[in-house]
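Chain nomenclature is as follows: A, B, C, D and E, assigned in order of appearance, with residue numbering initiated at 1 for each chain independently.
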Amino acid sequence: MKTPGKKKSAKKLGKTGSGKKTGLPPGSLIHIGQVKTEKTSFDLIKADATSFEVMKDISLNQILNHLDPAKTSWIRVIGLQNASLIGEFGELFKLHPLFLEDILNTGQRPKSIVEEDALFFTLKTLAVDKENNIIADQVSFVMKEKLLISFHESELSIFEPIFKRFEVPAGRLRSSGPDYLLYALTDLIVDHYFQVVENVANALDQIEEKLITDMNEQILDQIQHNRKELIFMKKLVFPLREALGVILKAESDLLNRKHLRYFNDVYDHVMQIYETIENYRELNTSLKDMYLSELSHRMNKVMQVLTIIATIFIPLTFIAGIYGMNFDYMPELSFKYGYFIVWFIMLFIAGWMLVLFRKNKWL
Amino acid sequence: MKTPGKKKSAKKLGKTGSGKKTGLPPGSLIHIGQVKTEKTSFDLIKADATSFEVMKDISLNQILNHLDPAKTSWIRVIGLQNASLIGEFGELFKLHPLFLEDILNTGQRPKSIVEEDALFFTLKTLAVDKENNIIADQVSFVMKEKLLISFHESELSIFEPIFKRFEVPAGRLRSSGPDYLLYALTDLIVDHYFQVVENVANALDQIEEKLITDMNEQILDQIQHNRKELIFMKKLVFPLREALGVILKAESDLLNRKHLRYFNDVYDHVMQIYETIENYRELNTSLKDMYLSELSHRMNKVMQVLTIIATIFIPLTFIAGIYGMNFDYMPELSFKYGYFIVWFIMLFIAGWMLVLFRKNKWL
Amino acid sequence: MKTPGKKKSAKKLGKTGSGKKTGLPPGSLIHIGQVKTEKTSFDLIKADATSFEVMKDISLNQILNHLDPAKTSWIRVIGLQNASLIGEFGELFKLHPLFLEDILNTGQRPKSIVEEDALFFTLKTLAVDKENNIIADQVSFVMKEKLLISFHESELSIFEPIFKRFEVPAGRLRSSGPDYLLYALTDLIVDHYFQVVENVANALDQIEEKLITDMNEQILDQIQHNRKELIFMKKLVFPLREALGVILKAESDLLNRKHLRYFNDVYDHVMQIYETIENYRELNTSLKDMYLSELSHRMNKVMQVLTIIATIFIPLTFIAGIYGMNFDYMPELSFKYGYFIVWFIMLFIAGWMLVLFRKNKWL
Amino acid sequence: MKTPGKKKSAKKLGKTGSGKKTGLPPGSLIHIGQVKTEKTSFDLIKADATSFEVMKDISLNQILNHLDPAKTSWIRVIGLQNASLIGEFGELFKLHPLFLEDILNTGQRPKSIVEEDALFFTLKTLAVDKENNIIADQVSFVMKEKLLISFHESELSIFEPIFKRFEVPAGRLRSSGPDYLLYALTDLIVDHYFQVVENVANALDQIEEKLITDMNEQILDQIQHNRKELIFMKKLVFPLREALGVILKAESDLLNRKHLRYFNDVYDHVMQIYETIENYRELNTSLKDMYLSELSHRMNKVMQVLTIIATIFIPLTFIAGIYGMNFDYMPELSFKYGYFIVWFIMLFIAGWMLVLFRKNKWL
Amino acid sequence: MKTPGKKKSAKKLGKTGSGKKTGLPPGSLIHIGQVKTEKTSFDLIKADATSFEVMKDISLNQILNHLDPAKTSWIRVIGLQNASLIGEFGELFKLHPLFLEDILNTGQRPKSIVEEDALFFTLKTLAVDKENNIIADQVSFVMKEKLLISFHESELSIFEPIFKRFEVPAGRLRSSGPDYLLYALTDLIVDHYFQVVENVANALDQIEEKLITDMNEQILDQIQHNRKELIFMKKLVFPLREALGVILKAESDLLNRKHLRYFNDVYDHVMQIYETIENYRELNTSLKDMYLSELSHRMNKVMQVLTIIATIFIPLTFIAGIYGMNFDYMPELSFKYGYFIVWFIMLFIAGWMLVLFRKNKWL
C-alpha cells in the first residue's frame, strides 16, 4: 500500500479521477484509482443457522454454482482493476451500470441509492499509515434479496472480526440476513473512524505540549498537516451522514424494520465523529493562533532585550565621544579626577536607565 | 474523582472510547471510561401518595422482590464498571442491548430514543473541579411504565434535593409517575449547567479585568483554556437540544401530556445555555484579540521610546566624532569657546528633536 | 437604577440567575435579579368605549372587587421582589407556576407560550443610561379573556404614551380588547429598541470620525464596548423573533384575527432591528480592523523616519571615526583642506542617501 | 438631491427613523426621511388597448372624477412630506393605515403583504451619485383591482422607459392589467441594481489595479467604503428576496397566473444580485488582505535595507574606534602602512558582509 | 477565444450585462456578451434506432423541412450574436420570450424551468486557457417532445464524443429520446468541470511546493488568482445544484422516469464538485496563512541576526570610545599592556554575549 506523497494534498482532497472517462457513455466501466491488489478475485461466504462456509478466490461460474437461495450469501469482490471482469459479474447479477461505474471510481463520494430490488451503498474505510497520513479505501455494497455483494480496493484486515463472529453458531450474523451483515460491516468501518480520530487527537495533544516545551518551526507544518487530514475526513464523513439518512428513511423490503435501530446507531456514531472533526478543526485553528502568538512573543522578547542593550550604550558612547574631541580648550580634561567623574556619570546613567526600564517592565 | 490533565484536551473533546470495542457485535457490553466508584450497586426508591421508601445497595433479587406495580419505582444503578452485572440487570428488565451499550460507553453523546414501551435518554452532568476544569459525568435513563431506571458513573451529590422533595407527602414527585421524576432529574442536571456557565463567566470577567490591571503571559493560556471548555460544553449541550426535541415530539403513552410543558421548560433552559455558550465563545475570541492588540501595543511603545533615545544621540555622537578627528587644520578646535559652542549646538539639536517628536505625538 | 459595572460584561451577557433555585421543585417562586422598586404594588386600569379608570397601588382584594367582566382590564404588577405576594396573586388568577417562575426570573430569555385560556409573553425593554450602557428591564404579560396582566421590574416611563392614548374616548385601545393592548405595549417596547440601536449607530459613527481626526487608545475599548452591547442586544432580539412567531402562528381565540396584522408589523420591526444589529456587528469589526491597521501604520511611520535618521548618520560617524584614529602616518590629516573635504564628502553622502530614500518613497 | 455625508455610514446602514413616532398609535401618519420634492403631487395614468392618457399634478377630486373602471389606472404619488394629504388619499382609496405608515417611513425594509383585495409591496431604487455613494429612494406600491398606486420619494428618471412602452398601442403594458405594470416597474428597479453592482465591480477592479501600480493609504478607505456600500446593498436586497417570494406564493386573484413567470424572472435577478454582492464582499475582504500584506511587505523591505546599512557600518566604526584610543603603547599605530591596512581590513569586512547578505537573500 | 484580462476579475465575477437592456420590455432580445463566432448558424441532428443524420449550417426553412416527428431531433444554434434571427427561430418553435432573453444573456446564472410542454435549462461549460484562467461558455437547452434545442456561444470541441456515440447503431443515444440526450450533454459538461477542478488542484499543490522550495512574492498573486477562480466556479456550480434539483423534482411527461437516475448521478457529481471547491477554498486560505507566516518568519530571522551583530559591537565601540577620551589623567593609558588588556576584555565580552545569545536560542 503506497502512502500518499506530501505534495499531493490538494489532489488527495479533490480526488475524483473522472477526467479519465470524460465523454464516455454513462456506465462505461473504467477503473479509476490506484491498483492495490494483484488481480480481481471473488470470495463467496454462505451462512445459515446451522452452517457457515467460506470459498476463497473462486471463478464466476463457481459462484453461480454454489449460490444457495436458502442461505444468506456474501460475495466479496477484491481488487477493482479488472473492469471487464467486474462488468461481466455485474451483468450476471443484474447490477445497474451506474452502480458499477461508481464502484470502479475510487474517488466516488459516499452515497446510497435504495431501489425496489437493490440497495447500493458506498463509503470509505480509513486507516493511518506509518507516516501518519490517513489512507482511504473504498468499499461499495450492493444488497439484494438474501445476497450482499461487497467491492473492495484491497484485502483489508479490518473485516476479520466479522469472520470470527460468523463462526459463532448462535450468532446473529448467521440468522439475520444480508441487511444485518451490511450493518455489521458498516459498523466496523465506522468504528475504525474513531481510531483515526483518536490519532488526530494525539497529534493535537502533542502539538499543544510542544508549544510549551519544545517550540520549533515544524509545528506549523504539523498543524497544516492536521488541517488537511481533518478536511479530508470531513469530506468523507459529511456525505456519509446523508447516505445513511437515505437508508434510514427508505421503505424497502430489503431492510428489516427491526434492524433499522442498528443503522440508527451507526448514524449516531457518524454524527459524533462529524462533530468531533468540527471541534478538532476549531482546536487546530486555535493551536495555530497559539503558535503564531508564541512565535511573535519570542521574537518580541529578543528584539526588546537587544534594543535595550543598544539604548543603554548609545548615550554612554556619546559621552565618551565628547571627551574624545580635540578642542584646545576643554576644561574638564585637565581636572584631576575628570576621568573618574565621567566614569561615575556613565555608570549612574546606565544604572538609572536600568532602573527605569525595570520599573516600566521593559526588562 | 480525578481531574483531567491539562495535556489531554483534544482527547477530552473527542472522548469516544469506541476503539476498545471495534469489531465486537453490537450490544457487546464493555465499560468504556474511568472507574469512579468501588463497585456497581443498586438502589431502589418506591413512592406513592402515602409512602416513600429508599433501599440502598441491594441485590438484583431484592429489587425484583420489592418492586411494587402500584407504586412509582426508581432504580438507581451506581458505578458502571461491572458490565456483566449490568448485562444481567438489562436482561431482567428487558433493556435493548444497544441501550446498555450506550449506557456503558461514557463517551456517548446526549441522545434519546422513544419506543413503544421504553424511553431511553442519556446526558451529562457538569461540575467544576478545584482546578477550574469542567468534569462531565454520564447519566442515562430508561423509563418504562411506572418505572424509571437511572445509570450513574458515580454517586453524585447533585441529586440530593430530589430525595428531600420526595419526603414531602403532598409533593408532586410522589404522585406524578416516572415521567415527572425524569423531568425533575433532567431539570436538576440542566440547572447545574447554569452554575458551570457562571463559572466561565467569572473566568471571562477576570481576564477582562486583568487585561487592564495586570497584563501577563498567562492570560493567553487562560483564554485558550476557556476556549476548550466552551467547545467541550457546546459538544454536550448541542445534541441535548436535539435529544429533548425528540422527547417533546414523541407521541408516547409513557409521557403524560400534562408534563410536556415541564420538558418544554427544560428545553428552553438548554436553548438559553446554548446561546450563552455561543456568546461566551465570541466574547472569549474578542478577549484574545484584545490581549494580542494590547501586547503588540506595549511592545510598540517600548520599541518607540527606545528608538527615540537612540535617534537623538546618534547625530550628537556624530558631532562629537567630527571634533575627535585629528586633522592638522581644523579651525573650530582653536576657537576659545568652540567646546562650549558645540555643547550648545548639541543641546539645541537634542531639544529641537524632542520638540519635533512630541509635536508628532511620537513621544 | 444602578448601571451595570464595566467589569461584569460576561455575567451581563449570560445573566441567568438560575443558580439560586437549583434543586427546588419547578414553579418554586424566588425573585432573581436586582430589586428596582421599594415594594411590589398593583395597579388596575379598566376601560371600555365610554369610560377609563386608573387605580394605583391597590391591594389584591381591591383588585378582585373592582374587576368588571364587561370591561377590558389591565393589571400592572410593579416590582417583583415580593415573591410570596406574587404567588398569592398567581393563585388568585390561576396563573401556571411555570409562568410565575419565568416572570420572577429576570434573566429569562424572551419567549411566549400560547395555551387554550392564557397567553404568556415575556420580553425586555431596552434603555441607555448616562454611561452609555444598555440596561434591560423585563416585562412579562399574561393575557386572559378580557384581561391583560403585566409584570414590571420597575415603574418605567416608556409606557406613559399608552395612558394618553387611553384617554382618547374614541381610541382603538378602549374598544379593542386585551390583545390589542398587548400589541400596543409590545410595539412601544420594540420602538424603543430603535432608539437604542440609533445610540449604537452614533457610537459607531463617532469612532469612525475619531479614527481620522483623533486617534487614541480608548477607541479599542469603545469598539469592545460596542461589541458587547451588540451581543447583548442580539441575545434579547434573536429569541424575540421566535416568540412573536409563536404568537403569529397561534390559533387562539384570545387573539382577534384582525389584530394579527399588527403583530406582524411588530415582527417586521424586530426583523429589521435584528438585521441592523448584525450589520452593526460587521461594521464594528471592520472598525476594529481599521483601528489596528491605522495603529500599525502610524507605528511603522515613526519607526521608518527614526530608522532613516539613524541610517544616515551611521556612515558619517564611521568616517569621523576614521579620521579620529591615531596612526602615525595618515596622509589625509595633513592636507590643508582635508577637514573641509571630509565635511564635503559627508554632506554629499547624506544628501545622496536622502535623495535615494525619497526616490524609493521611504521618506 | 443631497449626498449622504461620509461620517454617517452607520446611521445610513441602520436608518429606521422610527424614533420619531415612538408611542404614537399604529398607523399614525408621520413622514420619516429627507424631503426630496417641493410638494406632494398626484399623477394619473390611464390606459387600455386603444387609449393612453397621462394627467400630471392633479388634485384628489380630479383623480376621483377621472378614474375609469374599464381601464387600467396607475396613480403616482410623488413626494411624501405631506402626511395629512396622503392620509386623506389613503382614506379615499381605503388603504390600511399600516400600509400608509410603511409608505411614509423611508427607512422601511423591503416587504410585501398580500391581502384579499390589495397587494402591498415596498422596495428601494438604487442609484450612484457623483461621489460614488449609493443612494436609495423608497418606492411603495398598493395594487387593487384595475388600479396600481405607487408612492415615490421623488420624481425619478428611471421610470421614463415605462411611459415610452405605454405609448406603443399594441404593447403588453396597455392590455395586461395592473399586475403586469407592477412587474414592469419592479423589473426596471431591479435592472438598475445591476448598474449599481457594476459600479462596485469597477471600484473593486480599480483597487486591484492600484494595489500593483499606485499603492497608497487611501486604498484602505476605499475598501472600507466598498464594504459599507455592499452591506448597505445586502440590507436592501436580502429582504427583497423574501418579499418577492411572498408575492410568488400568494394565491391572489389580483395576480394573473400567466404573469407569475415574469415575477419569477425578477426573483431570479434578485438572487443573482444577492450572490454577486456576497462574492464582492468576499473579494473586497481579500483585497484588504492583499493591501495589508503589501503594506507590511513594503515596510519590511525598507527596514531590512536600512538595518543592513547600519549593520555593515557598526563593526567598521568599532575598528576606527579602536585606533582612536589613546594608549601609550599601541604597536599598530606606528606601522608605516597601518592606516592602509586598517582600510583594507574594513573594506574586506564590508565586502564579506555584503556577499553574505546577498547569499542569504537578505539584500 | 479571448482570454479574460487580469484586471477584470470583479467584473468577471459579477458579469451580468443586464445594464444593456434596462428599461426594455421583458423578452426584448439583445445579445449580451462577447461575440465568439462569425455568425449564428443552425445544425440539425436526427436519429432513430436505424439512422443517424447530421446537417450542418442549414437555414431555418431547411430545418422545418427536415424535421421528422418520428425521430429524435437535436437542433444546435451556434453563435448568439444575431438576436433577430434567434427571435425568428424562437417564434417558429414557440419558445417563450423569457427563455430567449436568458439564452441571449451570457451572464445568466444556471437555472432550469420545467413547464407543461417545454423544459428550459441553462448552464456553463468550463475550460482553462493557456494563462490558466477559467473560461465559461454558456449553453442553454430547450427540450420539447422529441426535440432538443441547444444554444451555444461557440462551437466547442467538448461535445465531439456525443457524435461518436451517436454513430453506434445500438447505442442508447439513438433510441432514448431527447431527455437522455440532454442528460448526456449535461454529463459531458459536468465531467469537464472535474478537469478544471483538477487544474486548480495542480495550482494549489504547486503553491504548497513553492512555499518550501522557492518562496517568492508571486505566490500571493497566485493565491489571490486561485481565490478568484474558486469564487467564479462556486458562482456557477452553486445555482446548478438548484437547477438540477428542479429537474429531478419535476413531474413532467417530457422526462422519462427511467432516465431520472442519470440526472441524479449528474446531481451527485455537481455536489462532489461543489464540496471540492469549498475544500479548495479552505485549503487556499490556509496556504495564504502559511505564506504570510513564512514571510514574517524570514523577515524576523533577518532582523534578529542583524540586530545581534549590532548589539555585540555597540558595547565594544563604547569601550573604544572610553580610551579615545583626551583626559589628562587616565591611568590605564600608560599601562604597558593596557591596549592588549582592553582587546582581551572586548573579545571576552563579545564571546560571552555570543554564548548567551546561543543559550537563549536567539542565534
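We adopt the following convention: a residue touches a chain if its C-beta (ideal position, glycine included) is under 8 Å from a C-beta of that chain, and two chains touch if they have at least 3 such contacts.
Worth saying up front: this structure is predicted, and the values here are computed from it rather than measured.
Shared contact partners of subunit D and subunit E do not exist in this assembly.
Each chain gets a centre from the mean of its Cα atoms; for subunit B and subunit C, those two points are 26 Å apart. Taking each chain's centre as the average of its CA atoms, subunit A and subunit D sit 43 Å apart. Along subunit E, residues 296, 303, 307, 310, 314, 317, 321, 324-326, 330 each make contact with two or more other chains. Chains in contact form a single ring whose order, set by starting at subunit D and proceeding to subunit E, is D, E, A, B, C. Looking at the complex, you find that subunit D touches subunit E at residues 158, 160-162, 165, 171-173, 183-184, 187-188, 191-192, 194-195, 197-198, 200-202, 204-205, 208-209, 261-262, 264-265, 268-269, 271-273, 275-276, 279-280, 282-283, 286, 289-290, 293, 296-297, 300, 303-304, 307-308, 310-311, 314-315, 317-318, 321-322, 324-330, 360, 362.
Within the complex, the subunit B residues that touch subunit A are 7-11, 13-14, 16, 18-19, 21-26, 96, 98, 101, 109, 111, 113, 217, 220, 224, 227-228, 231, 235, 238-239, 288, 292, 295-296, 299, 302-303, 306-307, 309-310, 313-314, 316-317, 320-321, 323-326, 330, 332-339, 342.
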